[in-house]
Each structure stands twice: as structure tokens, then as C-alpha cells.
Amino acid sequence: MPEAPYAADETALLFIDPYNDFLSEGGKMWPLVKTVAEEVGLLANLRTIMAAVRRSGIQVFIVPHHRSEPGDFACWHHATPYQKQSAAVQVFARGEWGGEWRPEFAPQAGDVVVKEHWGSSGFANTDLDMQLKQHGIRRLVLIGLLANTCIETTAKFGVELGYHVTLVRDATAAFSQDRMHAAHELNGPTYAHAILTTMELLAQLPSRSLAD
Amino acid sequence: MPEAPYAADETALLFIDPYNDFLSEGGKMWPLVKTVAEEVGLLANLRTIMAAVRRSGIQVFIVPHHRSEPGDFACWHHATPYQKQSAAVQVFARGEWGGEWRPEFAPQAGDVVVKEHWGSSGFANTDLDMQLKQHGIRRLVLIGLLANTCIETTAKFGVELGYHVTLVRDATAAFSQDRMHAAHELNGPTYAHAILTTMELLAQLPSRSLAD
Amino acid sequence: MPEAPYAADETALLFIDPYNDFLSEGGKMWPLVKTVAEEVGLLANLRTIMAAVRRSGIQVFIVPHHRSEPGDFACWHHATPYQKQSAAVQVFARGEWGGEWRPEFAPQAGDVVVKEHWGSSGFANTDLDMQLKQHGIRRLVLIGLLANTCIETTAKFGVELGYHVTLVRDATAAFSQDRMHAAHELNGPTYAHAILTTMELLAQLPSRSLAD
Amino acid sequence: MPEAPYAADETALLFIDPYNDFLSEGGKMWPLVKTVAEEVGLLANLRTIMAAVRRSGIQVFIVPHHRSEPGDFACWHHATPYQKQSAAVQVFARGEWGGEWRPEFAPQAGDVVVKEHWGSSGFANTDLDMQLKQHGIRRLVLIGLLANTCIETTAKFGVELGYHVTLVRDATAAFSQDRMHAAHELNGPTYAHAILTTMELLAQLPSRSLAD
């Protein structure tokens, strides 16, 4: 392993779907992720990572799922069952609280907010890959939700595109612990370059001196 | 569901990695998949599907993993641990028996053999998407190996690219039954359009009259 | 050539950049395209095509360039000189008249408005390819601006992705006639499937009976 | 402009289609490019650049067009007229002299030979983008043939993907000088980051000290 695997000038943090519907009490999906989220200490870990990442100078990318609108998928030949369910519930509804950023994780000046993705990959049908290149990024650290859907699919696309990819096992959640197990013990090792805990990640982040 | 969901003129069968190393006694990976393969009746199901697909006039695409060569990944900045292991073992070695097609599943005249993929998606860094379009394909049925790696990743890419995607739960295998469970019960329903058994698939394939 | 090369259920019209800045008196780019636009009868041809296309039932896709915002490209490592000029002039400025649709060509109910593109390809970093697949599209007819930049690059991407691609030589414009010549006489024949006039296109569009 | 715009550790030279059919007396396409090639001093410039690039430590990528085979495109729904002509003539025929590298430009140990492309973009349906990332490349210098087809299309894809792209106006050729003019005076400035002569490029390449 290189001495500084997450050099600030070529590492990006990808924060996937920091919406109220996923991360906030009262959100439409929060009841489904709450159990695992609390077991792994999700919110505290996300806060810790974001603070450390911003201190280190690592570039933050917000990678948002499509915000639901009435009529979504009505004219598609074959939306997936999962997409149809999301449309029925209007997950991350555009213009509503659930589709707003959880305030403490809202983008800050200098963050890159990528185009919304329609499925589970933050790369597919968006400008994520190009924006990463225009920022000199070669290594990705993924946090956010869900471990076995958007995180896993975005991570897999990242590897296929040629990036170095790191998962953080307690900075994500899923609808059940067996989904977490599938993401981090069964599937993750077949594609990811590193699968770390929040503490292990922090130990490897670059520190930026006060003089910077 | 449409009456003929797998119309011959717009459906493709994607057979992923029909190599001896995966599917034949003596293959390098066969010992790792043998238990699950025998439990689901993999080889018999693959034979049954291929016969029915060829009778129906559905286009066959062979979607092969990169064949190992000495020196693979030596100059890559960050091959994945999984790729490095494959290289060490020289899985699907080019020019050796393990990297040859299992004879009964070898491409036939008229099949499309797609460029080899480096990772776990048959779409990434290959001509699969373009070839599908040049053959008028809108629906994909995936069979072959492994359920939680190349099948799942290729299927996920297919959905993101806009295709209708069908998994066949007993025409694939994995290193363990919990990996099969992850692929078909935990992850599959989040992206796939249909997850069928071989028998369910056969019941929906078009029949081609003798007059055709 | 097939009898009905532009079947309504698998053909899309891609209208690229129908912004006031390009197409309306007073637009920032109009002075640069006006000479050629008037020579080829651009606005009349666009109107004629849109009317015929909507009558025929062909799906309309609006393919818009990025709308300029203050600060665009400030953090990119290497925006192109052309992008920097566009940013300096704030072409298609978001929230201003120049970045609004020319009213007669504004999207109508049922049209697909694709994500904005950053460069000159409507496919790159957008959802165009996936949306086309979800609408069953195999053939593309491109109109709008500019012949040798966004039309040509989008068309080239379309061909590489596996689509059938048609250019319409008098339903586009450029900064000079030699750029039109380059687009339609020098480069177009190396990649496009058909290069038609508006009249030739109309003669091949399907007619929809009143009973439909 | 940065002091060392073509740093050896992040620049790649893309040599497109160094086949006998394009570059050698007796090649099928040589008669079509010979006039322009001799006017710009193509072969001498390619030799000069390759020598300087290899001295500098810049990574060489060979980006080859599909080698013709009998039956190519027979089952495609819509190969382009240009592809059909190439197939009729069997340009770059696999297994024949015309489809072999011109010997002085054949790949050397350590060069990356990318998968063959079917159309005019070296990125489309190949592993070029991923291989560039796995070698840490951010800047591309393109040489080879043809200026207004494979060079231009590959370069345009490169820009859309987020790379810094440099054309070399006398290290390429075309079927006529107006095609060269279109490539370098009309179209190039709308997307490329730099358009240099061979001499201008050499002046900006890094020199590698003998101690390296």
C-alpha cells in the first residue's frame, strides 16, 4: 500500500443520496434503514468523515438519485419494478422536504453536485466520470446509501471505469444486516480495492497543516 | 406482462464466460462452483436453455471474460485484489484448455462473440451495447457465471443502459449458496425486471413454427 | 433502403439547442449563424419538420446544451478554450431569455427533455442513450445547431453507440458555409447513414391516418 | 499554460491506426492519403515524434481500427455506408500485410495496445478510457490517420470524457487538403485544447535526464 493512499489532490469523497428521505427522522425511507443505521452508528460516522475530509482538502462530490416527479416512468417501455415502487411512493420528491438535503450534509461552496442518476449507479447517465477527470481524481471513497444498491453499483461502475475504489462499511446502511453482509463480505471483495471502517479511513486520510 | 415478453427479434441471450475453467471437470474454478452448480442443476439447465433459445430464433451473444496472459496488470496503477488473484492463478489462460469454450457451449455460426471484458461487467470496455443495438435487441436474458459477480454486474449495467433484464436463478452458480441468495433474493429485486427459473423462462420463450 | 425507414415507433427526432440565443433575433449567437440560417431557410425548415414529425407520431427529444452560470469551469483542470469563451459570454445563460427555448420550439407534453450536455455531444454525460432505449428508438434524425459542432458530435456518438443516424442539411446552420460544407460533404459521409434535405426527409416520414 | 504541459507521468501518445494499408507504399489506402501525407511530411514527423516520446518516458497507446474479416457487418441492422465500403475493400484485412503494423511503428514492449474500434472513435466499444486511467493519464496527444475521421472522433470523445486533448497538424493526413483544413481550422478549435505542429510539440515535451 502506498504511504498516502488518499492524497488530497487525487481523491474524491462521493456522498451518495444525502436526502432527508434517507437520513432524517420522518423521511420516507428512514424507517427501512434506521435499524442498521443505528447499529453501525451511521450519522455519527458520516459527520466524522465529512469533517475529516473537509479538513484534509479532499474534493467532495454529491451524487444524488433522481428526485421523484409525478408521471415519472409513465412513458418508459420498461422501468424496473423497483423504480415503479419508488415512483409510487415519490421517494426524494422534488420540491418537498424528503427530496431536500439533510441540512448538515448539504453541499458547501466548492463541492461538485453531479447530475441526478435514474437508477442505482451514480455514473450512469450523469457527468460524474467527466467531472472526476476535470478535478484530477483517481481514487474514490464512497459513503451514503444504500450499501447494496447505489453504493455498490456506483462502486462497481467506478472500478470498471478504471478508478481506485474504497468502501466504508459503517458509513452506509441497508434494509437489513444480511444486505450489509452481502455488500461487504460477499460482493465487496470481488471488486473493491479497500473496505474500511470509518476509523481505518480516518487513519489514512492526509492531514493538512495549518499553514496550507 | 406482455403476451410475448421475449420476442425473438428483440431478445438476446447473453451467455457469460462459458469457459472450461468455470464449467468443466478439471477447470481451475470448477471446484469452487461445483457444489452450487450441482445443487441447481446448472449444466442441464444451460443445455436446456441453449436448445430452446436456438430453436426460438433468439440471438445468442457470448460474453467472455478476459483470458489471462502472463504480465496482466503489471503496469496498471491499481488492479483490484480480485484481478490480481485471477492473474496469479491465470484463470481462463489464453491458449490453454481452461480458456477454451466448454465444447457443448462453444459459439455457433451466427452467434455474436463480444470483446473480452477486464472486470465483471460484460458491457464495460467492450462492444456489447453497440452490438446489441446493431441486432435490434431490447431485452436481455443472462445465464452463466458467476451469479454475484459477472452476471450481476453485467445485468446492472444492462439496466442502467436502458435494457429489459432477466436473471435465471438456476442457470448460474456461485461459490456458495449465500452468494446465490444475495444475488437473487437481496440484490436482484432492486434492479432486475424478472428473476425466473429455467422452467419459467422456457414457458415464456417464443416457439418457432416449422414453417419459419 | 427499407420502405419505411423512419417508422414512428422506432425513430426519434433530436432537436439540439432550440435556445433563443441560437435561433432568435437578439440572441447572443444569432448574429454568427444568421447568414447561413437565412441562406438555407433554417427557421422555416425547422417549423416544417416539427409539424410533420408531430403529425407522424415520431417521438421528440430536446437535447439541450448546458446553460451558462457564473463560475462555470472555474474549478475544472482543463476546460477547452471554446468552453471558456462560452462562459465568458454566458451563452444560454440560465434564468435569462437567451437560455430559454425559442417559444415555437419549446417542449410539448410528451417530449423528452434530456439532461444538459457540457460539451458538444448530446450523449456525453447525459441520459440520452438510456432514454432512447426506454422509448424503443433505433433511428435518429438530428436537427438544430451547430452543424459542425453539436449536431456532428452528437451524430458521431449516435453512430458509435449503434444507432441509425440521419442528418438534415438545411435544418441546421453554422458560422460559415465552409463549415456547412465540412459537415455535410467532407465529414458527414464518413459516418452518417443518410444526409437529406428537409423535403427529402418529409417524403420519407410515415403518415398517420386520422383513425390513429 | 503550465510550465510542463505534457508531464511524462500523466500524458499519453495515442497512435491511431499505424497499419501498412494507411502508411506504406502498396497499402490499400495509401494512394488516397499519399498527396497530403507527403505535403505535410507525415512519415518523417511520425518518426520524429515517436523517438522523442519514447525518450521522454511518455506512455504510448496503439489505438487500432477493426481489422476487416469476411462477413463483417453482414448481420448488422445498419452498418454505415462507409463501413460497408471498408468491408468491401477489406481494409486492414486481418492476417494480411495491409492489416499489419507498419514495422517502424509496431508496438514495443510496454506499449498498451487497445482493443480494436469498429467505427471512428478509439474510445467507443473499447478499453481505451479504462486503460488510460489505469496508467494515470490525463492528457492525450493524438497522431496517425485520418485527421477528419478517427483522429477527430477519438479526440472529441476524449474531450467529452474529461481529458486534455492535443492535435498535431502535420502528424496526420487526410484524403484532401480541405479535409485537413476542416479538421484543424474549422472543427479543431471548437473542442481541442491545443493544435500544434510537430516542432511545437517537441519543444514542449519533457526531457528525461540520462540519470532517469
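Order as written gives the chain letters A, B, C and D; numbering starts at 1 within each chain.
Going forward, contacts are C-beta pairs under 8 Å (C-beta built on N, C-alpha and C of every residue); 3 or more make two chains touch, one makes a residue touch a chain.
No experiment lies behind these values; they were computed from the predicted model shown.
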Q) Starting at chain A, what is the smallest number of hops through touching chains needed to reach chain C? A) 1
Q. Common contacts of chain A and chain B?
A. C, D
Q: Starting from the Cα centroid of chain B, hunt down the chain whose centroid lies farthest away.
A: C
Q. Which chain pair shares more contacting C-beta pairs: B-C, or C-D?
A. C-D
Q. Between chain B and chain C, what is the gap in Å from one C-alpha centre to the other?
A. 37
Q. If you average the CA atoms of chain B and of chain D, how far apart do the two points sit, in angstrom?
A. 34
Q: Using mean C-alpha positions as chain centres, tell me how far chain C is from chain D in Å, no decimals.
A: 28
Q: Specify, in ascending order, the residues of chain B that touch 2 or more different other chains.
A: 77-78, 118, 124-125, 129-130, 133-134, 136, 138, 160-161
Q: Chain touch graph shape: choose line, ring, star, complete or other and state it.
A: complete
Q | Touching residues on chain A, where the partner in the complex is chain C | A | 75-79, 110, 112, 115, 118, 124-127, 129-130, 133-136
Q | Residue ranges of chain C in contact with chain B within the complex | A | 129-134, 136, 138, 160-163
**Q.** chain D residues touching chain C - in the complex, by the definition given at the top
**A.** 77-78, 80-82, 118-121, 124-125, 138, 148-149, 152-153, 156-157, 159-161, 164, 176, 178-179, 182, 186-187, 189-193
